[in-house]
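Structures follow.
Note that chain A is present in both complexes that follow, paired respectively with chain B and with chain C.
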Partner chain A sequence: MLEGYNTIITVIALGAILAYSFHVVLMAGQLSLGQAGFASLAAYTSTLVVPAEPIAGSISPVVVGLPVGAAVGAAAAFVVGLPVLRLRGVFLAIATIAFGEMVRVVVNNAEWTNGALGLRVDKWVTFDFAWIIVAVLAYLFWRLGPSRSGRAFAAVREDELAAGSMGVDVVRTRMASFIASGAIAGVYGVLFAYFFGRLTPATFDFSLTVNGLVTAVLGGYLVFFGPVLGAGFLTAVPEVQKALGLEAGWIHPLVTGALLLAVILFLPGGLSTLFSRMRPAPRRPGPDYAPLDALDPLPDRGTPIAEVRGLAKRYGAVDAVRGVDLEIRSGEVLGIIGPNGAGKTTLVNMISGLEPPTAGEGTILGVPLGSRPHRFAQAGVSRTFQHSKLFERLTVLDNVLVGTHVVSRPTYLRRLAWLPSARRDERRALALAWAQLERVGLADRAGLRPGALSYGDRRRLEIARALAAHPTLLILDEPAAGMNHVEAAELASLIRGLADDGVTVLFIEHNVKMVLEACTRLVVLDFGAVIAEGEPREVAADPRVVEAYLGAEAADDEETEHV
Partner chain B sequence: MLQQLANGVFAGSIYALFAIGFTLVFGVLRHLNLAHPAVFTAGAFVGIEVAARTAIPVWILLPVVALFGALAGVLVERIAFRPLRGRDDEHFAGLISSVALGGIVIALLQARYGTEPQSFAMDYFPDRLFEVAGVRVTLTQLVTLGLALVLMVGLAWLVSATPLGRSMRAVAENPTAAKVLGVNVGRVTAGTYALSSALGTVAGALLALNLGQAGRDLGASIELVGFAVIILGGLGSLWGAMAAGVVLGIAEALTIHLFDSTWKSMVAFALLFAVLVLRPRGLFGHVKVREV
Partner chain C sequence: MRLKSTTGAALAVAALLATGACVSQDANEASSDSALSGSGAGADCTIDETVKIGAVFSLTEAAAFAGAYQQEGLALGFEELNAAGGITYEVIQEDDKTTVEDSVAAFEKLINRDKVSAIVGPTLSNMAFTTYTDAQSAGVPALGVSTTAEGIPEIGDYIFRASLPEEVALAASIPAAKESLGLTKVAVLYDSADEFTTSAFNTIKDVLNEEGIEIVAEETFETADTDFAAQLTNVLEAEPDAVILSALPGATVPLVKQARSLGIEAPIVGGNAFNSPVLVGALEDAAEGLIVGGAWSAAADTTGNAEFIAAYTEKYGRAPDQFAAQAYTAAYLIDQAIRADCDANREAIKDNLGQILEYDSILGPISIDEEGEVHQEPVVQIVRDGAFTLL
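Presenting the complex of A and B:
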């Protein structure tokens, strides 16, 4: 039945495979466009290394060539990734395009590639073979989506800083997506060579890159079957036109361009938005899970968990933080107050690894200052941000699930094999996340996107996400900003409840009433230095604090003064 | 040798003219407009057609082309970028929508002009050959270089000293603040695209004048070099793009002189790669560090 359409069907498969090599980097938010270079290196290497005749009489060269190509693509991506992955956005895109073009020029000029004339190989790829590869890739991405690694990819895509603070190793995740992209591009290159039987440098030029990117985005990179849809669409459109008798050379690019434009303007998630049904609202996991019992116990009350000496941060000529000594003991609720610009956020950024200190030493839960954020998170530091950093294209529940990253085990490989233990681990993470949503009162909004939440709810969601990491030390940066006094009072009681559970809380706040209600110890910063420290009410009454924080005349205790 | 250098400077002036349009839009609006090469190509074709139909001299032809370019620029912004404003994936989507629009423009060119390259009439711009200190230059090359310089200086003046330029710089710094302070952001955006595309179309017409003809791949052939120029110059930096265009033109000419023309494009990309890895802000530019 499919006779006569074999070529078209195989071309769709090849287009989908190429698009998967873009899909995997777009999933992690990386605009990497070096796939043409990886495919080219892989295709040339495998056609030159693998014997042209069937090996051992029956194994076709493409079967041997595929792993060779994938390995070459992955290795090339790793080598290129080392210097290039420090770049982001457009810079990453252009650097990788430059790599692809350099490969093309070298291949074009080298002798072992036979230059611009290219190489000839036998055609070994049939349409069923190509579709088996597509099916394998689709399976790999289908299983990746709701796994711990899949959530890490999504978190890095949405917000690298927040992902790092939730314990995701951002550098490794980006590199993993880059290497996977290289491997898939390598597979594409090999399949291309053994399908068309011909390999020239011009095959792997910039237009290939544009095609792959367009296919991946058109199909939609948030859903695992996006690349297949995109490739089917882009291959089918010219065929339909041909069937309708619209053969004029310019109509095809015009219609393709117009359709592409329409999709990108009116279907923000790509074509896959048409096919993915609304996901059912997430439901409370069964009562048979008592996930909180299985977590590691928190340190005993009063144990020192962090100690820093002479901590300082200098930006150019500005001393944001100067010579701060700080000791934190388990179970306390430590408030940090100070006028705007006093260095409060800089201080907690250094304690959570977002910024390296200029001077000073010490450890937080055993992690030396200056380490990368995910190290602190893995050790048990969890935080929220002054300007909330939520993963905007994930649901409320998925946001909190990212928070469980450091207290759950990787599930992806076990999910591929459908091991029951993977399912158990995922359900445990779900139960943990759900418990935190209930704790902050957002369980009824679990299926929404953060954009649909009120300001106060967004702040609560961030706290739930931070709590899902089962932190020893929870850092809250102005959690009550923008909350009304009822919400602030609820927050204060939530914080006290956490302290009763043994969580150490460090929080920055301008709401003095809330600080006095919630914290057990108060530190006051001004111009980057500690000017007072101790029992909250005593510190708040200290004349120096009153002067620095409220201004000399405002000593009449304004409760919710926002300086 | 000197001849090669001169050729490099002429090629570089076209690169620069192409690239400042590119970089202007990025600098002000953070859009990478991938329809720019197609608009560049359209400029060449429109220039050739208008010249053939009206026989107007070149100093009238180029303003006509620029006017067409300005209109095209406004359309590009309206169609491919404005509808995406405020979306989560604004930047990815803008790349794709401008690629799509570029494809549409090229298809329309094919519909009107067919697949064959179009040529200026042989006697349209009587070319003369000068010889200065053993270096041969054509009148077209001199006009191109002179015009490129005038346009670039003019643009720099416009950005630094006129009300429109001031609004553009305000939008580049902070669109929201600019809006609050009464800058008509929509008009500035349209103006930026109009300027950018006017420069792009004039560059296309000038390149066609130098080559005598233009094919549909005119823009695609210069697109990647354009990327290299804007990165080398520092993304968003006008003076950087101008300098980098000329530097790249010379570097390519020297490569042809020392090695072989097939290695020509290697220079641009090797330089580009090295600069991105070692000094991402570009040779001449500076990049604002995003606040946490």
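Presenting the complex of A and C:
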């Protein structure tokens, strides 16, 4: 039926498959460019195992090559990823390009690959075969999107620190995306070899990488069918021009380039941006759910949940935190105050795993100090940041859904099989997230992006996200900064309500009135050391505190007046 | 509602799986169109229907330096044949953008959509290895005009070439140079990163051994190199009677210029890459004394050569090179094959292309054997006073 157009249609499919191998790393925010190397290794290896005759009479022998190619690509990605995934951004890109080049040079000089002359194989891939692979990949990515793993990918892409603090294992997520990329690139390599019937080292050169990356970015990596759009666009544009009679050699690339530029400039999310408006607005989940019922009970009031001794952090010659001892009991609202630079944020960063301490020992909810942030999050520590770290390209609701990571079960594999239990788990996460949005009063803005929120709303959203993790210990780093008096008062009552529910709250704040209203205990830091501790009003009256904190400020004010 | 759409999707996937995993085994359709066979024989043959010939060359990207000349040469050839009358040819030209994907797509279009009688091209052997298997299984005769790699004609009985391999040309130039210049010791320079130049180097070594010429220096470089001072200094110190060079056009110009400015006065013997007026123009004075083995020479007194050069220069405003000459010849070879039985069907062209014996072309007498391999005498030329002259 498509006589004479097979190659073009298959080239679109192959382009989409290659783009998917970039799509999956871009989804997790990694710029990996080693796909040509993975594809090359997989393609050459598959020639060793693909039988010469169709299986069972009519099944394409490439079905043997595909799993082998995927396995080779995945294994290579794992081995390369171990050392290379410590790198970020451009450095990761360069390291992976170097890998691709290494493979090319090795293949070019090896005996069994027939060097630069390459190998010839039978053409076992037909266009419908290639499109089935595309359909399978599209299905896998379609089901990935709204699953727990899909949200973890998105969270790592948007902000690794915040993702880790929400319990996402950043290293594992990056590795998973890298391995998936290797596997898909491997599948591409095998399909390429057995469609064109020939493979040479030059096939898998740097331009292949550039093509795949351009296709993935052009199509857009925020929706699952982006690569298909990108590949279709890039193949169709020259064909349409040809059909319109634009034959001159230089016009093709010029028009294609101009269209590419237009898409990148005006559709920053790629072509798929055109379709993202079709998404339904998030709605309140049905009333048949009492989400908090199924959650683990919080520890009894007064139980010690954290204890650290001699905690210290040194940056070069600067002692940010010096020998801090701290005990936190369940149900208390602990305020940490101190002048700017007193080490408050460094202290909570160590408690939540963002920074390893230089000295000191202790455990937070049973997790030893110095562990990675997701360990603390999984144990029940949840936090907000001094400068809010929201997932800017996710909706308000999706931001909060990431927060449910540690209290939900993985759903991706069950979603692939359409198991009802996966749907139940997703609805439970949704109900939990929605309940937090209602708690902070953002439910009517669930479908917006964080960028469209006011400053106070952004802080509230961060608190909702932290609460969605059903934390035992909630750490708030200056939650009221930038809020007006009304908002701050609302926040104080929210915090008291949390304490009534049994959540332990630790917060850093400059708003003295709010601290006195909300806290049950106060710790004052100055120059990295604790200078006072105890009942809020007593501490506030302590002369050392007045001198270090309030007094210093008063002195500042006087100086300003003199000038 | 949701259930319905997903069931539908699942069914569609299942259906695709069921059909797609199977290998369809298309049989060659030996279709023949009676309108494509005419009356008369040889020069008097007349075919009513227009004969469609496909052409796939690299008109843009890396190999465009050759593809543009090939397109012009082939077009000129068929234009002359159309003017001669009897058979009307239509050339359907495709650009493969120097990529395998576009080359395969172009072949598919020509074979299945345009239903051409024969295909000329592609420019590079690398693409031919893939596209010729398609032409072979579709039963469409394909004639290569610059596909010189080993193993091309062996792809099948529909595959032919009228392009003299580099090593044959180089091998012929060495005895000729020895005879006229009395060589006893030479230096050899070659591009070790390219498959053709490397295989040509092996041939060169064998020929030198046979001729009893000593190799006093053996130096290598890579395709993208631009500085050859180290290798050329070694060559200079070895004081050879001649330098034999196996390189692609890109490296040839800087290498020869640097050799001359370093003070290497010995003649330089090269292959196809030298055989272009553009190259000689770019080299300016440094071109003097280059010895070139090739398939065609502007100076050769072959049948119709002078007329070809004049017509080409008039039409395109530049002198033809070997690529143009070989593509031009391809038009006449296909015409010969069609006129043999006065039949422009694919089968007839295939049967008769392999029978061409000593056809008097601008490349000299040229034959294509049944395996599809070309046979012709290489021409050896030397650049004197800025022009090619036969050695």
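The rule is short, and it goes like this: the second predicted complex is superposed on the first by the 542 of 563 C-alpha atoms of A that agree within 3 Å, B and C clash if a C-alpha of one lies under 4 Å from a C-alpha of the other, contacts with A are read in each partner's own complex, and residues count from 1 in each chain.
The rule is short, and it goes like this: contacts are C-beta pairs under 8 Å (C-beta built on N, C-alpha and C of every residue); 3 or more make two chains touch, one makes a residue touch a chain.
As the structure is a prediction and not an experimental result, all values here were calculated from the model.
Peer 1: After lining up the shared chain so the two structures overlap, which partner does A:Leu144 touch, if you call chain B first and chain C second: first, second, both or neither?
Peer 2: Touch partners of A:Leu144: none, neither chain B nor chain C.
Peer 1: For A:Ala19, select first, second, both or neither according to whether it touches chain B, chain C, the two together, or no partner.
Peer 2: In the superposed model, A:Ala19 contacts neither chain B nor chain C.
Peer 1: In the superposed arrangement, which partner chain does A:Pro253 touch: chain B (first), chain C (second), both, or neither?
Peer 2: In the superposition, A:Pro253 touches chain B and chain C alike.
Peer 1: For A:Thr203, using the defined touch cut-off, is the partner it touches chain B, chain C, both, or neither? Pick first, second, both or neither.
Peer 2: In the superposed model, A:Thr203 contacts chain C only, not chain B.
Peer 1: Of chain B and chain C, which one contacts the greater number of residues in chain A?
Peer 2: Touching more of chain A: B.
Peer 1: Return first, second, both or neither, reflecting whether A:Val217 touches chain B, chain C, both chains, or no partner chain.
Peer 2: So A:Val217 only meets chain B here.
Peer 1: Tell me which partner A:Val308 touches in the superposition: chain B (first), chain C (second), both or neither.
Peer 2: neither
Peer 1: For A:Leu473, decide between first (touching chain B), second (touching chain C), both and neither.
Peer 2: Neither chain B nor chain C is touched by A:Leu473.
Peer 1: Which chain A residues come up in both lists, the one for chain B and the one for chain C?
Peer 2: 249-250, 252-253
Peer 1: Using the touch definition from the top, list the residues of chain A that touch chain B in their complex.
Peer 2: It comes out as residues 26, 31, 83-84, 86-87, 89-91, 94-95, 97-99, 101-102, 105-106, 108-109, 161, 206-207, 210, 213-214, 217-218, 248-254, 256-258, 260-261, 264-265, 268, 349, 354-355, 392-393.
Peer 1: For chain C, which residues are in contact with chain A within the complex?
Peer 2: 6, 13, 16-17, 19-24, 59-60, 64, 95, 100-101, 104-105, 108-109, 111-113, 126, 129-130, 133, 149, 193-195
Peer 1: Can you name the residues of chain B that touch chain A in the complex?
Peer 2: For this pair, the touching residues of chain B are 26, 32, 79-80, 83-84, 87-89, 91-93, 95-97, 99-104, 106-108, 110-111, 115, 220, 223-224, 227-228, 231, 235, 260, 262-263, 265-266, 269-270, 272-273, 276-277, 280, 292.
Peer 1: So in the complex, which bits of chain A are touching chain C?
Peer 2: Spelled out, the residues of chain A in touch with chain C are 3-8, 11, 54, 58-60, 63, 115-118, 120, 123-124, 126, 128-129, 131-132, 135-136, 139, 196-198, 200, 202-203, 249-250, 252-253, 418.
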